[in-house]
Each structure stands twice: as structure tokens, then as C-alpha cells.
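Pasting a structure below so you can have a look.
Which chain is which? They are A, B and C, in the order written, and residues in each are numbered from 1.
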């Protein structure tokens, strides 16, 4: 496997008629003598970028490497004419023209390709949703007097969930009514003074600690909201997800 | 990599249903594909590669392709915009604002969509003028001219429904004026207006109707018309037209050049150039957002988009019914113009009257447009 | 054009296009994206209120949605709820509510502010009811002048509209109706039906309750203006007011925290000096807490605890001014107030007292021209002069102030007092003594040297012509 790229440059004569030879002169055009005419004509007056790759594999006959395909040599030479090593500028003139075609095609493809890539990147960015924003805020819950001591009371929060607020005497506890086991809604049982999940019999203390059933086995308590008292009123801290 | 090549799967020529056998493709995959999609590539190449007359090397001969390209831009950006647009009077404006101010690159897409619509209308008009003044609508291309008039109307309707969707002041009051204009059409006006608005006045149904028109019905219509337009144009070929310069060059020079790749490349240049132009316009003059539609307050200075200026001025000059009737009449004249032209030329073969009439019409429209543009009310 | 050239054009155009796209990306990168605003939280009890009131009073609903309250879930019912036993409570669509929200209601959350306000001079603004001014408004001018004038700033005493039999008038839903003479009213000292005093909405306009509104000088200027206490005009004339008007965009008026020297430095407003936080003291709703003189009465007095009050005001001054600067200002300010007291207030007061004592004036206020003259002297012109100097408004100190004071005193008040004395020797003695101090000596004529000096000045400044 071989990849190559290069740029050949040989100066030319500014004015061929003035008798001065100004071009680059390749004294010995090939490293092998006696190839014929090409021995007399060296590289001059050219600009020639080239690149390519060739791959050598096991040929039909064992042990003798043989070029199988030279990829972009074809690209460099759209007419698929292989040039012998050691190029004379007679052939080069043909090659140069084709290389120019190759160059313009390459540039055009590169340009169109990058434009397409840019446009698709923009479209993707446009369609892909922006990151959701989490907004934490403290909102009004209720006047403190509205939460009777010792009894739980449900309050609907703006995101649709419910907070069960209990004045335990020592503390104000606001709990999410979503059971941490599989998401059923727990209920406050006044007689027992605790929360019961009707689905699999999860049982929680007034402060949300799981005491029986699957939630207790998994050690998952009810989610607690922070409640703050401001003056005569209660405020609760909630977190919302907002999709911009 | 290949050792001994296995015998090709089957080299039996593929015969499309009811056609002639196709020459086998060269590669294995080619043959595989050929069996599944039996297309006669030669024929395809023949039809798609018709030689193009030399005069298409003139840039302004490419104006027909321009609206088509801009339509593609409109379709692409329009589909993207509809991802966020909400066709509901209470949310439409907000959703447009969201696209412009929140969604990444939304402002860009919206600006491109708006600029492209403007350019499209301009290109359609220029293309039409070119066809008219070179007489390209004449026999046997009369039908294609008529389809073209249909395309022009559809494009205007596109523009109108498009800016109604934004639901800014111009949208609302533009729709109001248009509805009342429609009502002025004798006999069917009232019914037509109700059909358009989805009620006796602008209401919740109106925006939905405009939306469906803009993203469903009109695109389907314009695609069908465009297909017919291009089909007829391919079948007839480009109008032969000889330029002075070409005649001077002598007969030995080729009169045509290949459609592919030469002409396609020209169109590609125009396409990319347009994309560049649109991008620059979008960046320098991004589509803004005026005040939200307020059904209680008509703004002091309200003007439609520039391409409706002439109707607006005409309306002010002539009064409602006359304006509607005369616009309808002129539209009809434009539609059947090829036949009128034919009748004239049958009587007076050397007459240049069509060019003069065309010039007069262009001047009239131009005067009305400029008048409206500079007038303050 | 050859195919090759066309390809090159396509290539270069696409790179140009690519560059344009990069600019688009750059513009996009620099775009300020609207941050999602938390939606208003409608309290559980208020959903139904809003349904109706969004239709019936859309502006109230919109203003509320724009408020900080809306973000906190403090919605209709939370403020308008009333206890069953409240005097102004009524049943409205199944809820017991009251129309007027009092500082007691606001104070259920904003306790500290309510407490500060309760101690302030503001909360007692309606207590002018027994004062001379009230006689003037309610009696001399007429009750409607008081209701639509005086009380709109000072505050009314809310009362129910009464039926002929003395019972409270109610509408068909049973809502008690308020006496139109007393309500609508957002006077700062309003006496509410629950006994609380004040109206928070006097400055915190409902229902958006924007802090920026309360921080603007205009909000104070609703009342602190006009011939008798032109604070807003003085402020506008002062360097402070000029700076504010010019640099209002830099005032950060909407900022939650508004500490002078931290959140804004462009200019002070009324609130900045009298109420708002500095780096050393918190905001206070006791609006007179930093005032050391009372410039209201005939004779200005230093307030109780005036040193402490002065220190807290100086602390505000020191945020922007050097101590020497502040000290020098206070020196002349105090001296000017003293001058007013000594030269005009005390003598005039003494003359009035003597006239009264000698029975040369009736006990009824405002029934004699001299009383009006005296009133104008201290209540209008004298205050203008004192307030002008207190807030650095030079024109209000002098032309609208002491100039008019002098004219009133020498050529209106004193002549009228002499007239009213009807030759009473006791009164004549008091008048003479009043004018005996060196400050009034000029009345007896200027000395020749003094006249020569003025002559020389005019000659130099305006030329020989003008000297005559």
C-alpha cells in the first residue's frame, strides 16, 4: 500500500525568442541512459500537483508482487492512460491538461461537499431540541393556618404532581405522593397516622420514611420537598423542567 | 484481491416490461441493480441529454430554471420551518418569534425563506417577460404559456398565504383586505370569500386554511404545474432562437451544446450563486417580526408586499368592483394571450404590436408599483 | 466558457457560500437566546378567578402574570382572601374575599416591611385630618376637594356606603359597597376596614408590583410636588435628578438587589437616599428614618434621635461623596434652616401669637387675609426655601424660596399685621422687636459704603450706563 502526493515545478523561459535559456534544465532526464528521445527532453516549464495511492497484493502467481490497482492514478488521469515512469514533457502536456480537469473536479467536489455538510449541520442543529432548562423556584403553598396540626393535606403543584403536607408538630413535612416503588399514588391514613400505598402495600411514616412493603425493602422513602415559612404563609421549593 | 473471477451470475439481457432488451451492465452490482430497476440508461441519457441551443449560454436565458431552484429552497426551508410553526391564532405569532429568537439557526432559515420567496416572484416575472418578448409562447407552445400563467398565480398566492401565517399586523390586515376584495367579485364573491376564510369573517378557521393552502394544496398544485411546464418544454425543446452574434460566427460553428454536463453546470453556478446571495441577504437583512396582529387596530400605514403594490394602487385608483373585475379581465387576457397574438399575426403578419402591448403593460405595472412605493397613503 | 472554467466557478462560488455559512454560524453564535421564563403559577384556588377575570379584566390578569408574584404562585385568592368575620368580606363565586388588600394582608408574607412601614411617618399620613390643612381642604375648599385631592395622597378612611336606614349598602350578589368618597383610594396613610393603616399600592402599583416603579422618582412625585412641598421639582432641578434623567438606562431599576454603589452608580433617586440599601445599611420602609430636620412646620425642629438619623443619611452620601463635601453641605444646610427659623419663622409666629392673644384675630382659621398670608409664608414659600436647600435645588431655595419669603414677609405679612393690630401697642411692640435684629437692619437703609460698593460692582460688570 502506498499513498503519495507531490508537486512538480520547473521554471520556463520568459521569452523563447531572446536567445537566453532561462528554463529549468534537467541535465539527465532519466537515471537510466539510452531510453531514446526522452533522454534528450527533460522537465521544464511545468507546474504539476499530483497524488495517488497504489496497492500491491498477491497476484495470480505466488511470490511475485504485482500492482493490482492504482486508485487515484486513475483520478489523476481520467482517461486511464498509464504513464511509464520517467515522464517526458511531451506526455506531460497531455497529463497537465487532465490534471487541470482533475483539479477543478476535485475543488468542485470539495466545495459542494463542504457546503452540503455545512447546510446539513445547520439543519440538524435546527431540528435537534435545545437542552431543557431546570428551573428551581420557591412558590407559595398555603397560609400556615391552613395546614392543621397532625393532619396531612394534599396540594396540587404546578407540574401536576401533588405534595402531601403534614404538620407533625415538630416540623412541616411536604412529601411527593408518588410511591418510590413503582409510581402509584400513596394515601394518608389518618387512623394509622401514616401513608399507605394501595398497589403493593408500601407503608410510610408521617415523615416519609418507608417502614414496610417493597419500598422499605428497597430503602426508598417518599420524596420530600423543602417547605419554608415566610410570615404567616408557607412556601415550597419545586423544580420544573422547561423546554425552550 | 479477486482470484479466478467466478462466472458472471447471469449475463442474460434484462428486458423491461414491453421494451427491448437492455445491454448488460458492466459490473456485477450494475447487473444486480439492472435486474431490479430495469431502466434503459441509453434512452434515459438520450432524453436527458438533448442538445441545448447555443443561445442558452446567455445568462438571462436561465431565468426559467431560477424559480424552480428557488422553489426547491422554499420547499426545504418550508419543511424545516413547519417543524416549529403552530397554526393557531393564539400561538402562531409566538411560534414564529420562537423560531426567530430561540431555535438555533431559525432566524436564518426564516430569512432565507422570506428572501427566497421575494426572489422567486421576481424571477418568475423576469422569466415571463423574457418569454413574452422573445415570442416563445407562440405556436405550438401556447399551452405552456397558460401553465406558466397558472404558475405565476400560484406563486402570488403562495406569497400571500405565506405572509399571512406570520400573524403580524400585515398578515391580519392583508388577509382582511384580501377577503373583502374577494367578496367584491360579482356573483360568486361572497361564497369564494367564505370558502377562503372558513367563515363570514376572519376567525379561527382562517389561519388553518391559509396554512393548509400554503403547505399542502399550493405545493401540490405548483409541483403538478411545474411538472407539466417542464414536460411540455422538454417535448417541444427550447425555442430556436438565433442571435446576431451567432449568425456572424458563421455556419460551421456548432449550434448546440450538450445539456449534460455543460448546461447543468451553468445551472449549478446559478444555484450556488443564488444560495450565496440568499445567505448574504439573510445575514444583512434578516427577516424581522413586526407587531402582533391586533384585530382591534389597523396600523396607520399598512402596505402589502411589494409584488402586490400594483393591485393596491389600482384599487385606490378605480374602486373596489371595477378593480376586481379589471384585474380579473387582465388576468384572462394574459392567459389567452398566445391566441390573441395569433389572431393579430394572421391578419398582419409583420406586426410588432405584441411587443408594444407588452411594453405598455410592463410600464403600467411599473408605474403603479413605484407610485404605491413612494406614496405615503 | 469551457467546462473546466465552469467547474472552477462552481468551486469558488461554493467556497464563497461556505464562507457566508460560516458568517451565519458566527452570527448564530453571538445571538442572545431568550431564556425561558418560568410560567406564572396559578394557585389552586385562583384558577377559577383567572378564568373569568382574564376576560373581564384582562389588564389586571396580564399585569399580574408579569409580576414576581405570578412566578411565586401568589395569585388572586392568596391576596384577596378574607376571613369569614372580616368586615369587608363577601362571598364571591364560592369564596370569601375582600376587594381592598391592606398592609395587613401584604404583611402576612412581607412582615418586616409591614412593620417598618407601620412605624413610618407615611402610615400616619391620614392623621392630618385634624390639622389646619384639613380644615382648609374639607371646609374652606369643600369636601370633594378633600376626597379627590388631599385624601388621594394622605389616604382616606375607608367606609361602607350606607342605605337610608344606616345599614351597609350591598349589590345584588351581597357584596358590600364602599363609600365612593373614600374609595378608590391609594393614599399612603389610608385607614383600612381591618384597622390597618396604609396602602402598599401607593408606591407598588398593582397588579404588576414592579420594584422599578417604586424606585422611580415619579412614584414619589405623585404627592411630593406642587407649591407647598415641591420635592420632585427640586429633585429634577438638582444634579441628582439631572443625572437620573440622563442615565436612566443605567439605573438597573429592575434588579432584584438594588444597593447603591453595587447594583447602580449612575444617580440616586428619592428611594436611593431615603429608603434603599447601601453597602452599610439595609433597605427600610420607614421612609423618614434618615431625615434629621422636620421642614414641615412653621419653625423647623430637629427630630428625635436626629444624630442617628443624620448618620444614616450621611452614610448614603458617603457612597458617592467625600466626607468633607458632605460635612460642608450639612453645615450650610443647617445654617440656612436656622436662618429661616430666626429671621422669618419665629418673628412671624410671634406676631401672629401676639395678635391672637390680643384678640385682634378671630379664632376661626383662614377667615382673615393675614392668616392666608402667614400660611403662604411658612407652608408654601418657607417650605420651598428649606426643602430647596435640603435637596440642592438652587432655584427653589432662592427665587421660588427665600425671594418670595422676603417679599411675603416684608411687603405682605408685616403690613397686614400692622393693619390687623389696629394700633394695638402691644402688637406694635412685638412687630418692632421682630424687625429689630441685625438681619432686618437693612430696612433702615444701607450705609454709604455699602451703596458705593454696589455701584462699583455694577460699573465694572455692566458698564457706566447700568450703574444708574
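Couple of notes before you dig in:
Simple rule for what comes next: a residue touches a chain if its C-beta (ideal position, glycine included) is under 8 Å from a C-beta of that chain, and two chains touch if they have at least 3 such contacts.
Everything quoted here is computed from the prediction, not taken from an experiment.
Interchain contacts join each chain to each other chain, per the touch definition above. For the pairs A-C and A-B, the larger set of C-beta contacts lies at A-C. Note on chain placement: the centre of chain B and the centre of chain C lie 65 Å apart, centres being C-alpha means. Chain centres here are Cα means. That of chain A falls 60 Å from that of chain C. Per-chain CA centroids place chain A at a distance of 37 Å from chain B. Counting partner chains per residue, chain B has residues 102, 104-105, 108, 272, 275 touching two or more of them. Under the contact definition stated at the top, the residues of chain A that touch 2 or more other chains are 112, 115, 122, 130, 244. In chain C, the residues that reach two or more other chains under the touch definition are 7, 10, 13-14, 17, 21, 24, 33-34.
Here chain C touches chain B in the complex through residues 1, 3, 6-7, 9-10, 13-14, 16-17, 20-21, 23-24, 27-28, 31, 33-34, going by the rule given at the top. Those residues of chain A lying in contact with chain B across their complex are 57, 60, 68, 112, 115, 122-123, 125-127, 130, 244.
Looking at the complex, you find that chain B touches chain A at residues 1, 3, 80, 83, 102-106, 108-109, 272, 275. Of all residues in chain C, only 4, 7-8, 10-15, 17-18, 21-22, 24-25, 33-36, 38-39, 41-44, 71-75, 78, 81, 107-111 touch chain A in the complex they form.
Taken in their complex, chain B has these residues touching chain C: 57, 101-102, 104-105, 107-108, 261-262, 265-266, 268-269, 272-273, 275-276, 279-280, 282-283.
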